[in-house]
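We call the chains A, B and C, going by the order they appear; numbering starts again at 1 in every chain.
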Amino acid sequence: MSAQGQKRLAHWKQSKVWRKRIATAAVYVVLIALSISFLAPFALMVSTSLKTEDRIFTEHIEWIPNPIRWQNYTEALQSFPFLLYLRNTLLVCALVVVGTVISSALPAYGFARLRWKGRDVMFLIMLATIMLPAQVTMLPVFVMFRTIGWTGTYLPLVVPPFFGSAFAIFLLRQFFLTIPQELSDAARIDGCSEWRIFWQIIVPLSVPALATVALFAFIGAWTDFINPLVYLTDENTYTLAVGLQTFVGRHSSEWNLLMAAATVVTLPLMVVFFFTQRLFIGGITLTGIKG
Amino acid sequence: MRISKSLALVGIGLLLLLLPACQRRQDEPGVVHLRAWTMWGGDEAEAFQVVVDEFNRTHLHIQVHNLAAVEDTKIIRAIVANDPPEIFTLRDPGYLGSLAGNGALLALDEYFKQSGLKESDYAPGSLSQCRYNGKLYAMIYLMDCFALLWNKDAFKDAGLDPERPPKTLSELLEYARRLTKRDENGRIVRIGMMPPDPLIIISAFGGQFIDPKTGMPTADHPRNVEALEWYKKLIEVQGGAEEVNAFQAGFGQEMGINNPFLVGKVAMMINGQWNPYWFQRYGPKVRYGAAPIPYPDQYPEMKNPTWLGGNIFCIPVNCKHPKEAWEFLRWTQTVEAQVLFASTMHGVPNILEARKERSLREGEPWKRAFAVFMDVANSPNARHFPPTPITGLYQYEIYSAVDFVRYGTKTPAQALDDVQKRVYREMLFWRR
Amino acid sequence: MRERQPNLQGWLFISPWLAGFLLFTLYPILASLYYSFCDYRVLTPPRWVGLANYIALLTDRDYFLPSLWNTFFMLIELPLALVIGLTMALLLNHKIPGIGIFRTIYYLPSIMPVVAVAVLWLWVLNPQYGLLNAVLTPVLAPFGLQPPAWLADPKWSKPAFIMMDLWAVGGSVVIYLASLQNVPAHLYEAAEIDGAGSWHKTLHVTLPMISPVIFYNLIIGVIWAFQYFTQTFIMTQGGPQNSTLFYALYLFYNAFRDFRMGRACAMAWILFILTLIATLIVFRTSVRWVYYEGERG
């Protein structure tokens, strides 16, 4: 290679390095700009939640509240029984999680690990129900629960999950499929029943997938709004979501209290998220790829 | 087995969570507990709690438990879910017809007859708010009525005589125009006249919602059209729908130190009799006046128009303790209960005897303005929305029509024609 | 080898779901079909009225048809969310220091409970004192323009909702990110050998490879639009001028406010048919890859 050629190559290499650096810098600029717009509402929420009543409506937004009024939180929590609603929500969530996990793992096993007549048809039907909007079935189910006197209790919220969730079944089936078939075959030769194979081989191997399903069920129950809205009549039984909505109706322009309540309702989910981040993203990855 | 163990732990945890939910109140024998869901929140809820406490103190065999600040829609959801409270109020009396017509309310005629209450004890426009299809489905506990409130400092600022409120509706338009103040961007800083409830304006024009003979809707009544034409002008003289809307959307209507009237952002408004008391409490320095609502120039016979509302108490049809629930309602009709509530809630008594009570007119400064409302409530031009099975829809339709008129997307006549078509069809659907 | 009634066992294992399907899916679908032909006012037994509910709905230019139109309008959000979500995913796919922090930041809004988001955005969108107009006013002032009143203005209320939802686009970003990372590296290498630039690679390798995910997200998005409820219920209750009266909200009002369970069921069935069409499209086009992935594992 000639000297000139080498020089050109070096130059080209250097410019490539520079191009890459500029591109990285550009990416950072865009990322930071986006971050600011994503975080600003959060900042506003926390800042407003600490303001006094007379500093809310100011011509320019004051990001640092002055004076800081921590009592907004105690006041919000007084007119909005946060701990009671938190307990109710956790109760509903716990039952929904247990119901969903148990009753989804079994059908998922049936769809993934057993061969039987009608399986594929049933699986297609089940997939189709994922697409079914809740509104289509909501009203007759409501009438049904009303007829048997379950309205006004938690039962309509926590019993249906014990009949499996199509989405969770689908997720678990996809995971069960990845477990080598040889494990089951060997167990069958040893005379294990399908129930034992499920319980002693598949379930222990599927803890991450089960945890993901549990997490999704938890988030779903935590954020569910319309079901608690139509089924719960006594305010003492409210979950956080409907409780917060009721609070909004009653304090529609006391923004400091509203923001304090919104912060308090958001916080637990943030905590759950930070502790389960890995599982969360992993679970979504699973969903994303398999459809 | 690790999994079974952790499952068992979860189960025990769940049981622990469930335990407090299962605890029941220890019931004293012979005491009936009634749930009352009422519309009032905040300070008003405290005022009603005083009434409830007084009832509970004097009626030891019945204990009423009040749940404050309940939206009508929540009550309707509870009725639909078959778990309504024993007593409830309707913030919007428009739901009365819908609830009664759908068989959700207990008819009170028999109870009323046996209670010794007489029609003649009642102020005009009070019991009629509780009737639907000739049957009594509710008891009214104090009434609301509306008058004009104006900020005297704003009048002075605009060069108007602070002691002379507008007398007619065209005068009101002129005042509104002069009182509206804008900033350099053209945004409204002070509105001359807060856009009032259009139903009030329609009734001030002598409009009609239902043909009293046929019971069918008359949304397109010529007087109604005139009323909306006036309404359109009111928006126009203050800068148009977008400006007025943006102004109105900027703040809430709650009573408190940020109330737009008290901070001088609203120069005039048509509002209820509860205001004077709260003004004194949250803005004692604000100088304001109260006067009857202006009347249309061309219809002097409509002088002193006002709009009546009321605190409507109902009992659901499948109530477990109808007798006890009625006992509470019956007690609210006594003069003591009326005066007690009127002096804390600042509503107009619906029992004529109680309206004469001097303590409601004399004493603290706010009572002078309150007396204006009490007198206006006696006006022959006091109206309320007739109970119909479609009142909710009907009123919603009128509000939407007014929105269209505000934006100029429909003329008043068009908008009301559309309302008429729809509510007429709905009424037919109902009667079939 | 194994004579253990595999058929029976299969049905046994899926029985929890099967019972749920019959009880909470199949029966309700049929029941709501029946109710949709009835005047059913909840407190009194249903009474057969034939097609009256459907006719009333399909000729209702004040509520039903606007609710359908409003819902269709919200579909604008899908391509927007797609472009923004994909762009963000491509940005986040760079392996640079601190990228994890950015991922978390973008993801945070989608973790927030919808009710809390609604409350927060009521404040952000406040025309006079809200954050959004505080930013927009100085930007627009030189042009002599004023920011809109958002939720108070029928022209801007739906765009306001779309903006609020785009704030929480992070949920789909993560899905796109996952699918991006699943594109086999050898495809990019092959493209590079052919001299493709990064724009080319995105267009001809990345997009085709993640197209199933995009497609699936779009279909789910359509169904999501028809279920749009919590936000409007809390923030606008359908106003102003019915401009945010979305399909699910109007259905809810019929059933739980206006005692018109029959008409609400008719709405549910119209929704069902619309969804069925969408679902059929999904299966026609995607049943192959869904199956392929499944059986391979």
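Rule of thumb we're sticking to: a residue touches a chain if its C-beta (ideal position, glycine included) is under 8 Å from a C-beta of that chain, and two chains touch if they have at least 3 such contacts.
Remember, it's a predicted structure, so these values are computed and weren't measured experimentally.
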Subunit B and subunit A - chains in contact with each: C
Chain occupying the most central position, where position means C-alpha average: C
Chain pair showing more contacts of the two, B-C and A-C: A-C
Separation of subunit A from subunit B, taking each centre as the mean of its C-alpha atoms, in whole Å: 41
Mean-CA-position distance for subunit C and subunit B (Å): 38
Intercentroid distance (Cα basis), subunit C paired with subunit A, Å: 15
Subunit B: positions in contact with at least two other chains: 77, 80, 251
Residues of subunit A engaged with two or more neighbouring chains: 56-57, 142, 229-230
Subunit C: positions in contact with at least two other chains: 42, 128-129, 255-256
List of subunit C residues in touch with subunit B within their complex: 41-44, 52, 56, 62, 126-129, 141, 146, 149, 151-154, 240-242, 255-259
Subunit C contact footprint on subunit B (complex, rising order): 73, 76-77, 79-80, 98, 102-104, 185-187, 242, 245-251, 317, 392-393, 397, 400, 403-404, 407, 418, 422, 429
Residues of subunit A touching subunit B in the complex: 53-54, 56-57, 87, 90-91, 94-95, 98, 142, 146, 149, 151-152, 203-204, 229-231, 233-235, 237, 246, 249-250, 252-254
Touching residues (chain side subunit A, partner subunit C) in the complex: 24, 27-28, 30-31, 34-35, 38-42, 44-45, 48, 56-58, 60-61, 102-104, 106-107, 109-111, 114-119, 122, 124-129, 131-144, 160, 162-164, 166, 169, 173-174, 177-178, 188, 193-194, 198, 222-223, 225-226, 229-230, 240-241, 244-245, 248, 255, 258-259, 261-262, 265-266, 269-270, 273, 277, 281, 284-285, 287-291
Residue ranges of subunit C touching subunit A (in the complex, touch as defined): 1-2, 4, 6-7, 9-21, 23-25, 27-29, 31-32, 35, 42, 88, 91-92, 94, 96, 102, 104-106, 108-109, 111-116, 118-124, 128-129, 131, 134, 167, 170-171, 174-176, 178-179, 182, 212-213, 216, 219, 223, 226-227, 229-230, 233-234, 248, 251-252, 255-256, 261, 264-265, 267-269, 271-272, 275, 278-279, 282-283, 286, 289-290, 293-295, 297
